[in-house]
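Two complexes are shown next, each including subunit A; its partner changes from subunit B in the first to subunit C in the second.
Let's look at the complex of A and B:
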């Protein structure tokens, strides 16, 4: 009886912690977006930036200062929102992969999906070869190679029997293979092509546009509710294949579906941004340390942590040496790793 | 017995090295070949005596005729002083710029026995190199191939990729001290005229070297003179973009140096990175009067392969279509240009610099015809049968 009360109290406390954590993250994200849209080299004041946003929404009522409308709407706003959506998606993908593979090191990067995307981009840059031509060559290659990698992991795992170990081993093997192909392409490429590959691999949200933002948002809007809907299956899988099977979860099929969904989210983001490897690995860990591993809240909360991290990193990258822009992949690691290590060192249950 | 054999081999090696290092025919070993020594060497060769080969005699004749019987001392761009006792007969180039300069000087291309992998692949620009040995790149040199070719000189960069070039030089110095390592950049406006003359002296191409150096300096000095009196605050404001969008050049980069020689003002010259990525907002706010976009091999078509002007046009269109750019002075005045890196980097930088000057100050450089400069360079100095009117694509419009 007493035990049940303690459990109830503990759960209530956890619920409160989750509400505070998610509420706090949402508030932080809103504030960050609010600040980020006012940051930029054009030197507009906070008022001018918001006036430009309002003028875009209500052109009849508000008039933006000269150039502010173009700069805020065509360069700044979609970049800020893209960072939010991309950070959200990468973190969700990472949390799903860590759950189904029951491995804290699992992420789109360690499973070879990012490496495959880099190889796809390199094939486009160095060989000029790809599935579609023109300006979408690099994007399409990166996207398709990323999906190809997850299909290959699936194929190998199916052959050997789907388990977290086979998928991780297949993923790591693929990561090394794709990295070697990229290195080979860099080796045969000209100095200019080599630089182009390196720049792509830095990761950046600078290439965002409204249509790209729309596409990524659409994919995330379609997939994340599904993942949250199946959060109990993820919870069961995270406890082990036997536990999940005992609870009636179709283990193999579920693992593959989750893997494919996480890969799709990753692919659609990194084909536009290049390699941003850190968010998918760390955002879920930070969230788990704060509110535990229940996927019903872990998925949205990880997404919010990822969004905050990526937007903060991009805003710092745009501001710290303005008008220079530091690639977000670099800044993310500089900001996120110390924070992650701090949490890791100071929490006993980490 | 074995000791004697080893000693004999060692003596032979020492003798071989000594003869390779000295002037052939210098019988008294004083480092100078005089007329009697040369005559005696030739007579001995003709009657089948002495140990000089036909090549030795030819080299001795060269040293006597061109270097007054003395070894030639040259100082390369890395500051090292080298002594040449013979003309260069077997040359390996690890840099396309040195190779191109050797060709500008009229150096016999059959004496270049191997080239770097990038030059090897440029079948349009270096058609004679397809059949030569490929020694890889400075980052991944095929040292075995270099050594088996028994070169007497290897060309490397002087001031860029110094760690990689130093390593190649150290390996060559350690294994084959007879090989002369010559280090030149051949792409820097400040040092190129001097390098032309030094390489010309080392290769016995002084006359042609003079002619080429005069051609080069007439173009570059003409540009400098044409922009010298432009006050700083009246310089043409230029946004100069790398092939990667919104990546530009700051001071210290080679491209910025050329922009400044052409009289341009780069609003981002003061950035800390040499190739900074710039916030698009800052570009719009800087409101450039001229926009120059660099395009490179494969990343966008153009250059010496094909005649794909449409690709350069597409690059320009993509820039014109950027949101908000119609309000830029450069776009409003139709001053958005595309230039291929082949003529702005490397040994051909003077051609690209001429285009920049013409674009920045069309009135001041009304008489400058960069296309004619380019064509003359290709025909007269590179010896290429290449018609710019129907081949290649380097600038747009």
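Let's look at the complex of A and C:
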């Protein structure tokens, strides 16, 4: 009986570590938001930034320093929050894909979804063709192509029998196909079009607006609680299809639902940002190393790690060559690649 | 009463028949060994019994109910399945991996009762000291015991295991089989194990079912089933079966050497 008490205490400690980790990330994120808002040509202190944020929320109680409220609310805050939300969503999508596909390399990037979005954007930029016209052409195309890619993965997996291998192979095949189409479009496009495609593919949160932020936040607010609610099914699926089936999980249906939800989150983010790699890959790995693989905590914690990483990368990108702004996609790649190499050099169980 | 019975079951992948008219039953407290050469349909049979594959004909009756009419969660409360490959790559600890066996009962939170059951199963399988190690870091034998512990906390009457002793040395093979045999006899579980090692099967199973090319070749106590004739026609080997030991023991002999006297 004593043994049982020791074991339960051990599990309680594990749960506490997770709570502390998530709490710490939240605190870090709040601080980072304040710091990120101060970055830019008009210099404020962190305190002034917070004051400006609070003044916008509670105008009765707080008054912002002159100009600070306009600059913070109209120019900086939505960008900073967009980085937070995009990083959160990409990391959650990555953690779900890695779990159901049981592959540490699975992410929106490696499964062809980002490539498909890039192709969609290229089609809009170079050919001017798309499903909706006007200023939303590029965004809508990127979004629809990203969903198209996941539907194609679904279709191929369905035909061949749903398993992690078929989905990964289908995803990799699509990634090459879409990359080739994008290259072709770049080849036939004019210099300006080529530049626009390349800029789109860099990935940036610079094009954010409050309505875009609202839409992405809405999608994440609707999907992430559902994923957390089904965390036990994700836990079981991460152990293998047969194990999950033996534990009563409807395997094929669940894999498809999770894949679609992860794709939707990805698509709604990258259609506004362009390709941001490595967040979806790296954030779940960092989180697993820190607090283990229980999806009940892995999902929110991965999201927070992703948010911190993307916001930090964007802040670095905004300040390192100031007043030039380096696209965040480039910064995340520079941060991500060394980590990626570290990962496969040091993984004991690889 | 039989906890599990399989009635006239047939299964085909497209037009290739894999299992044909299989019937057997397993009582509480019984260990049934499924033996037969590679590709004879052992794994397919286990997957049909667990409901992962749907047989074209026949039925599986679990605790008096037709498996076809049961919800997956109900099945998971009545029958646990330990698949062949224990290739666990997740970052989960032993404790959490075993806790996953409670999934058919959990809503979202883990109750103290769930934790108690996990602790008890870890204790029973001598895994207490490894509880907060990662499963991926364990040895093959330890990992196999983790999988069995997970099946135990599912609190089912029936446990199916596909090759639980492959990749284990003889000491760990015996340790795993001792645990399973003990569980069947002490807790009244019905245990079905697909095994390659005939001698291990003879030592620990109450009855053996010999599959050959998807059909039942023999079904009964080890001493009835393990005969030189069976080994000749099912496996195509020459062998002597020693009957003067606690369990029948198969000694394979090189082709043509048997007549020269052993």
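In this text, the second predicted complex is superposed on the first by the 303 of 350 C-alpha atoms of A that agree within 3 Å, B and C clash if a C-alpha of one lies under 4 Å from a C-alpha of the other, contacts with A are read in each partner's own complex, and residues count from 1 in each chain.
Here is the rule we go by: contacts are C-beta pairs under 8 Å (C-beta built on N, C-alpha and C of every residue); 3 or more make two chains touch, one makes a residue touch a chain.
Remember, it's a predicted structure, so these values are computed and weren't measured experimentally.
Student: Touch test for A:43: subunit B only (first), subunit C only (second), both, or neither?
Tutor: After superposing on A, A:43 lies in contact with subunit B but is clear of subunit C.
Student: Would you sort A:229 into first (subunit B), second (subunit C), both or neither based on which partner it touches?
Tutor: second
Student: Looking at A:346 after the superposition, I want to know if it touches subunit B, subunit C, both of them or none. Which is it: first, second, both, neither?
Tutor: In the superposition, A:346 touches no partner, neither subunit B nor subunit C.
Student: Please indicate which partner A:324 is in contact with in the superposed arrangement: first for subunit B, second for subunit C, both, or neither.
Tutor: In the superposition, A:324 touches subunit B alone.
Student: For A:75 in the superposed arrangement: first (subunit B), second (subunit C), both or neither?
Tutor: first
Student: Report the residues of subunit A in contact with subunit B in the complex, numbered from low to high.
Tutor: Contacts found on subunit A: 40-43, 67, 70-71, 74-76, 125-126, 128, 135, 187, 190-193, 195-196, 199, 204, 206-207, 318, 321-327.
Student: In their complex, what parts of subunit C are in touch with subunit A?
Tutor: 47, 50-52, 71-77, 80-83, 85, 87-93, 95-97, 100-101, 103-104, 106, 108, 112, 115-116, 118-120, 122-123, 128, 131-132, 134, 136-137, 154
Student: Taking the touch rule as given, give the residues of subunit B at its contact with subunit A in the complex, in rising order.
Tutor: Per the stated touch rule, the residues are 118, 140, 243-247, 268, 271-273, 276-282, 284-285, 296-299, 318, 323-324, 327, 341.
Student: Can you check the complex and tell me which residues of subunit A touch subunit C?
Tutor: So the residues of subunit A in touch with subunit C come to 3-4, 6-8, 10-11, 14, 102, 104, 229, 231-233, 235-236, 238-240, 242-243, 245-250, 288-289, 292-294, 296, 348-349.
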